[in-house]
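You will see chain A twice below: alongside chain B first, and alongside chain C after that.
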Partner chain A sequence: MDEPLAALTIDGRDVEARPGAGVLQTALEAGIYIPHLCDHPDLPPYGVCRLCVVEIDGVAGLPASCVTPVVAGMVVRTRSERISAARRLAMELLLAGHQADCGTCQKYLNCELQSLKQYLGVEELRIKRHAKLLPLNSSNPLFVHDPNKCVLCGRCVRACWDLRGVGILYYRKRGDEFYIDTAQGTSLAEAGCRFCGACVEVCPTGAMQDKEGLIKGDNRKAGLVPCKSTCPAEIDVPRYVRFIREGDYPAATAVIREKVPFPHVLGYVCDRPCEAECRRREINEPISIRELKRFAASHDEGGLWRERAAPKDPTGKRVAVIGSGPAGLTAAYYLRLQGHEVTVFESLPAAGGMLRYGIPGYRLPRAVVDREIREIEEAGVVIETGVRIESLDALFEQGHDGVVVAVGAHQGQKLRIPGAGSRGTLVSTDFLREVNLGKDAAVGRRVVVLGGGNVAFDCARAARRLGAEEVFVACLECREEMPAADDEIRQGEEEGIIIRPSRTSTRILTEDGRVAGVEFLDVNACYFDEDGFPQIEAVEGSTHLVEADTVIFAIGQRPDIPDGFDLAKTDRGLIELDPLTFSSSREGVFAAGDAVTGTASVIKAIASGRRAAIAMDRYLGGNGRIDRKLAPQAEPQGRLGSESGFAALGRAADTCSPPEERVRSFCEVVRSMDQGAAEYESSRCLQCDLRLKIKTVDFWGSY
Partner chain B sequence: MNYEQVRTKAESALRRAQAPAAAGPAPRVYPLERRVALRNCGRIDPGSIDEYIARCAGYSGFAHALGLGREGVVAGLLKTGLRGRGGAGYSTALKWLSCRDAQGDVKYAVCNAVDADPRARTARLLLGGDPHSVLEGLLIGAYATGANHCFVCTNAAYREEIATMSEAVLQMRERGLLGDDILESGFSCDITVREIASSPVAGEETALIQALENRQPLPYLRLDYPAVRGLHGKPTLVNSAETLANVSAIFQQPSGQRPGSVDGDNTDGRVEMGTKVVTVCGDVARPATVEVLLGTTIGALLEATQGPSFSRLDIKAVQFGGPTGAFFAGASLDTAIAYEDIAAAGSVMGSGTLRVIGDGGSVCAVEMARETMFLLRDQSCGKCAACREGTYQLAGMLDDIAGFRAKPGDLELMMELCAAMKTGSICGLGRTAPLPLLSSLKLFADDFSAHIDAGRCPVKG
Partner chain C sequence: MGAIPDKTDAAVVGSGATGLAAAVTLAEGGAKVVVFEKQRSLGGTSNFFQGTFAVESEMQRGRYVDYTRDQAFKNTMDYSHWRANPRLVRTIINESGPTIAWLQAQGVVFTEATINMPDAPLTYHVIKGKGEAVVKTLVDRAKAKGVTVLPGTPVTSLLKEGGRIAGVIVDADGEEVEVAARVAVVATGGFANNKEWIKKYTGFELGVDLIPVGNTGKTGDGLRMAWEAGAAEEGTGTIEMFRVAPVGDEFAMGCNLEQAAAQPDLWVTARGERFCDEAIGFWDTPVGNAQARYKSDGYTFSIFDDSIVRRLLEHGLDKGVGIDFPPGYRLTDLPREIQAAIDNGSRQVFAADSLDDLAAQIEIEPAVLQATVEQYNRYCAQGWDELFAKDRRYLCPLVGPRFYAVRARAVFLGTMGGIKVNERLEVLDKKDNVIPGLYAGGFDAGGMYGDSYPIKSSSGLASAFALNSGRLAGMGALKYLGK
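== the complex of A and B ==
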């Protein structure tokens, strides 16, 4: 039972409050503004700034309302000449040691102190200002501390001790001036900082700030949790990493599944844009988010997520999805959950698209793909394989109310150079499809792969596994700018792939119509001109030859969209979508995946599938709300506690099978983390999302 | 069991102590000295609990308290009117009462033995000279409030005293005075000695609680008193070593009679007639720490300690109550050292130090106030704006007056700052920091006006 409320009067108004609550908090909740600085709704009351003084009948002097508990029958006045004078003097005391120039401060117009100064009308000080002349500390990662702007309100200290339980900030003194710092003036890392940012979040001045440029984008909240906001599918990364740390793997998987139907697949092959933005990168190395995802998905005992993942009542609408890659299946899955009847048409013998026919098995075991597709089928999605759709009209005639085109970009290309048509030249997509179909893909002993992306490495590494003795990857880009993922390049090199960056192929030499080698020129620079065409600066006289019996072109892919679809395309041959409705040029036809974006990533394809599902659902009369709460809605524990050495915890390294073993089969290369590593790695997370739970203080203008 | 049974049982458990034959030397006695808190200091071996029990009625006060029961202890203490000797002078019994009545599965009792004022040495004398008088008082307080864990917080610099105190706690444990079911009373308690890095604010009870929580020892202002919500959020009784030594003395007298009240001299028939330990220091020939009856005047104390050659004409002023105490001079030297009188004279009991300043002719009051304010500025912990910035600004303004740079309106602004500090600081140090300045302005207005109006120092010319 709640305690009975106590009635009190504030400025003549009757107000009710919990006995023992602070007078300030009570007044603010009643919409009566009392200026305050040291007080913060998430921190224990402090009573050090004296801006919140009030008059209370029967109480001597001017008590600070933040530290005065409500008593029934209390009569409070928040305005009088005496109160104003006391507040103005209190403001003068705060400003005396505060840097005078507001104009140069990043916090300008977003500063609580500045706002209060204006509210109280304090411009000139009667007491002396003193410049503290303390050094600005920008030596720590993520945060900048300028003690010259600090007014010693103690919010950061309380955030560090009382809110987070970390306890590394102290009042310190140099000469005659006070400031806040670690106990011994050491770096935050050495002191045991958890880099949660609570101190910065609660600072009412510009004394503690985020380093400039670190919070990207206009949306500050999103920028503070970059892993989540960078994820194309907006997976709530900190939340599932937290569940992993707590040992609740089914809940972690459920969090991932709130946004994507392929957690385990992504755990293998996501290109992890989140890790590139992980704030921990500023301290040492980003969290190994992809591997944690893989760990969670492979420890999803019981499949908690299924409890709330039943399809809605049937809507009576039918949707056809063309293509069973990650985009198509994602769209199909979410449309099915919205209650529509969904059939997926796949021209190849099995579902999965590039997951099955592009990415080699050593990167993504087929059992993982099979399992996650089976879950989609179990939700009621019908997949018809070996069916190539050539006309959308036919689908509508069959009674489909809408069509999602997600045919991918399966058409590889060759360079237009002499010899490109000779025997022994292959195209990446065809080659990989043959390999993945288990057909006898013919590679010779010396293979040159032209291209520097992930697909080039897929081709090169597959060729090694098929018995090629020497495999070269040659690309225009210099080594540092190769578009392939770092771990692909590293693992490829371990497997004996020889990288020849910064060169352009000028022709393919042939002998009796068969490939004999590739002629290259060194490249000084390559870039895209204003019109988006690649420009190459070759080094004159640098012609040289690489002998080869097989050449694989891995220089990009295009969608193969049948003319019978009758869809408008961009000049790059991609399906044109309305940027607002995501609709194609034909009513009832939406599109997703590489066919829309050009060759991208699995996570982008999934995100695109989600968008198509939302758009289609709305088109079919639904509300487009495909997100479901699958995981427990537990409030995170805000107390982090202290942990010495936290900042130095290095990223858990991937463990790979030995290269000599790898090249003998298509077995998976990177081994899954064990539980200890998952606990360790998840405990490295800074939990940036906790900062969003801290309340913001309303300025007086909002009362 | 009734009172007699409990007490007899407890006392028989104690009687096993063997009294040593030799008596200690009699301590030096000043005229006016009345020892209560310091009653055993110098008379007994502080390392022997047996001597304390056998020769000083040791722990009979605790046995008495066990007989009285929780209600009876607080009621008895209330009758004596004992006030906290730590400086604020709040009723000890009322503090115990609010802690006893506070809700809490766990409660703590803390002895403040830090001597935050470096000139004071009361805690040091007690810890090193008679630790058991303090420990017995602490145990009685713990029993009365229901605290099962106690801390003795001592100044980390007191190495020898810490050793003596730690040994005393060990002896208590050996004698069954700590641990489970003490003297078969059903009451369980333990005591931990904690070293506190000395700082001017470490004596504040809230700062002490922060130190015990391994936080920076700074005072705080919260919605509740520590007695209700203190250490780890639990009800926490904090008393000074001197208060607790008084407590044990009170309960060692079975009647509950207030020690000292039998002596009639110098008390003017006041209700409040305990004693206070005062340390006389500064520009004196004979620094001394003396326990006198409350009601003894500052002047009388000076005469008693400095002997017949002492003359009031030789001094400029006396600062009473520690670094934030007010100045006394001339007629105000007849102010009685008693809570009401000191308060009426605009000062505080504080640490009970009595600092004598200079000879009358060579010290300027402006310089005296300036030096004192700079010291306070350096002692401010920096947490609250009123004290941090108030002492900073006042020190600067006094510097301006001393250097004949004062501006019109400075005095008014100083008054405003003093008022803001008195009400707006979060601890006693800040609230009383204006006292030396305000008292010197009152006592030596001429010195100030000479500086401000005439641009001349009355001493230096």
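== the complex of A and C ==
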């Protein structure tokens, strides 16, 4: 039962409030500004800063409004000469112990103390400042503590104890100076800190701050949760990791599905840019986000997400999507959910694009691809395979209102070196397609793969599985700068792949028109010049030879865009899009995936498909809002409790089947984590998103 | 909390002195105004200034300060070698006196017309409560006149229709919102925190050989949006530079150490050699330029000893630092601050019982530092600085027993140009045609200076340019709006 509201007047205005609510909060909610510092809407009131003093009829002196509960009939005044004088005095006391370093302080213009000083018009010349000269503590990961800027408002202590239940921050004393620290002055890690950042978030001055450079970009909120903001599709990582920790895997999968229709595929092959930015990396190692995603998607019993994923009412519009890779299918799926009729045209015999014809089965089992494509079809997307589209006009003539071009980048290339055309030379895309079609892709005994990216490793590891005895991967880049993912390189080496970095191939040696080997030069440096052209500094006289009977070129792919599409292209041969509308040069034609970006990752292709769907939906008269709330909107538990040893918890290692076993087949290499590992790994998450739930204090200028 | 309106007469981008002066002027003339500020706190860098330039103000008249508008104009133009826009300079200088009166009418209190350096005209009108008081007063006035002030609401771009300003696009917590407006006043305070642009336009590495002071989040939003709307560029490479020691989170602005290191005693490069007449430290731009010659090192040192510490304790400063610390101010906290810095393991402040030891700590060849000090002490003894002709008043020898070194860096208070404007603060396109409805001022607008800041003849000019350009933009925009 709601209690009846109490009526009171503040500055002559009638205001209603819950009895027992603080006078300060009541005034602020009514739009009446009262300066305050130690009070924070998420923390228990404290009443120490004395900035929020008011006059109340019948109450002696100047009570602090934050700790004064509302009583019916109260008459409050927030402004008078007496109040101003008391507030200024309180402010002078705060400033006397605060290092005046606004000019170089990172908190400046987000600093409550500075804003209050401005509001109260305190003349700093009157203040005899007392320099504490305490050492700055930047020894902890993520946060910097400068006790010289601390005004002892106690917000951080209350946040640590009352808001989070962690309870590791204390008031301490050194000589005559008070400051905030852990009980024994130990590191935050040793004290059992959860690194949630609540203390930093509530600090009204620059005393507790995020380390410089850690919060990237202009948008602070996005920067605070870098896993989510780094994800091209902006998957809400902390939210699904939380569901995994709570054992609710269908809810976790639903969170992932709020942004992508391929959670399980991504659980296998995502290049996980999120993990590179995970804030836990600053403490020890990032959360194993991809493996957690795979775990959740493979434990999605019941498919909770389907409850809210029904297509909208039909719009009567028809869309054609060309290409059934992750970009095309993502665009198709979201356009279908917006109520449009969608047909996907695929030139190959089965849908999936690079998921099926590029990535080998040992990295991505075909059953996983099949299952997620089937879900898209079940939503009503029609996929026509074995149909190659040569002209967009024909599609419009058939009654389509719009076309999404997502043909990918399937055209491999060869280096223009002598011998590149000889028998025994292969191109990555063709080779992988043959392998994945189950055709008899023949490789010899000694295989050299030219290229250093993931596709090169796909070729090399596939070649091993097809029986090659010795497989070399040779690339221009030095070892540290190879573009392939670390785990690809590591697993490849375990399987006996020999890596030859920092070299450039100068010709293919032949015997009777067949490949006999590759001639290389060592490379000192390779880089892109100012115009974006690759430059290679070779070592003179370093010519050497690697014998081989098969050479596979894996040096990048280009899209094959039929001239009949009549689309403007960039000088790299990619489809040109308007950066704002994502429209191509033809009205009603949008594009997505590798055909737009050049060879990229699955998650980037999906993100690109999302953008194309949004743009197309708007073009067709929709609102472009493709996001749906599929998962329960549970408020996260903000009380973390302390946990000794939390900082030291190491990352759960991937488990792979033994190399000698796995090179004999195309069975999956990395084993799924078990429930115990998933519980453990998800519990390592810092829950950076909790910080965004802490309310922001509005400064006087906002009233 | 204010909601974002769909339309207004004038959108003011930035809540510093320029934006607020424009907003109040526009509101006084009956225009509907919205001030957008990307930060949570209002006023930006304008919170820091302690005074502002004016000539022929009533305050100056009352104090027999007879520096004229003509003299100020000639001096400013001479200083820039006529690189500055003469009509703009003339207009700003002529308006500066009335602007003081206007600010006083708004409620700003000035305490003094003075100066904080030798040999300079008394142009500096000191503000009670410094820039923060100007910001607070103008915000209160603006709100009283119906202006909507929106902190935490960045403008991301300008909208044009038929070549005229039609509004702005605002980032409302991640959502793009359009606000229709016939006038936009761009006043975002320059690009002092934009690493890439600082490198491109000034050649400095931000945070390495050039440290921004009093600037936060200045990414050049205003310049970018104006350029995107077709504005021409002017004055982009000019910055307001000087020299500070020590720099670091552990040192408060204006702390005793900083004041000691600013005194015109012995200064040396990272190689241990003197590099300037230390008395140029009275004027920001010359000392900034002298320091900036040693960009590749990134720092120089101020060297002093116990005898100099004693002088500062007993006789106080020679060079005042800001208006708060005039000559004669005694550095009573200096010994404590030095000790704390040493105790906290600072890499900015060093102390030693011998020059050799000091040289080792600051990684200078001991023989070089010895020679420099010996030569300097000889100049002190003979009362003539043979090398740089420093005034003999500032020749105090270093005799120990303890010696100190403080690392100094080039710092700057802001970038001073970018958008080309005329004397009505109308923004010009690349053919010098006015972009109707678009105005710029303060650190975003170019043309007031040459390649550096004329501190000596016109102290307080940067804040005066902000306030006056804002007022003039407001007046011009009122006419444009037909009010």
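A few notes on this one:
Everything below uses one rule, namely that the second predicted complex is superposed on the first by the 697 of 703 C-alpha atoms of A that agree within 3 Å, B and C clash if a C-alpha of one lies under 4 Å from a C-alpha of the other, contacts with A are read in each partner's own complex, and residues count from 1 in each chain.
FYI, contacts are C-beta pairs under 8 Å (C-beta built on N, C-alpha and C of every residue); 3 or more make two chains touch, one makes a residue touch a chain.
Since the structure is predicted, the reported quantities are computational estimates derived from the model, not experimental observations.
Following the overlay on chain A, a side-by-side fit with no clash is recorded for the pair chain B and chain C. Of the two partner chains placed by superposition, only chain C is touched by A:L109; chain B is not. Contacts of A:N623 after superposition: neither chain B nor chain C is touched.
In the superposed model, A:Q99 makes contact with chain C only, not with chain B. Once the two complexes are laid over each other on the shared chain, residue contacts for A:F178 go to chain B alone; chain C is not touched. The superposition of the two structures on chain A yields an angle of 70 degrees at the Cα centre of chain A, opening toward chain B and chain C, reported in steps of 10.
Within the superposed three-chain model, A:D146 lies in touch with chain C and out of touch with chain B [touch as defined at top]. Of the two partner chains, chain C is the only one that A:A131 touches; chain B does not reach it. After superposing both complexes on chain A, the closest C-alpha pair between chain B and chain C lies 15 Å apart. The residues of chain C lying in touch with chain A in their complex are 1-2, 15, 37, 39-44, 47-48, 128-130, 132-133, 135-136, 139, 149-152, 154, 174, 211-214, 216-217, 219, 247, 249-255, 324, 333, 336-337, 340-341, 343-345. Only residues 20, 22, 44-50, 53, 61-62, 64, 67-69, 86, 89-90, 93-94, 96-97, 126-128, 130, 151-152, 154, 161, 167, 170-171, 173, 176, 178 of chain A touch chain B when the two sit together in their complex. Here chain A touches chain C in the complex through residues 31, 99-106, 108-111, 114-115, 117-119, 121-125, 129, 131, 133-136, 144, 146, 148, 218-219, 221, 696, 698-699, 701-703, going by the rule given at the top. Chain B meets chain A in the complex at residues 214-216, 218, 220-224, 377, 381-386, 388-390, 392-393, 396, 409, 413, 416-417, 420, 423-424, 426.
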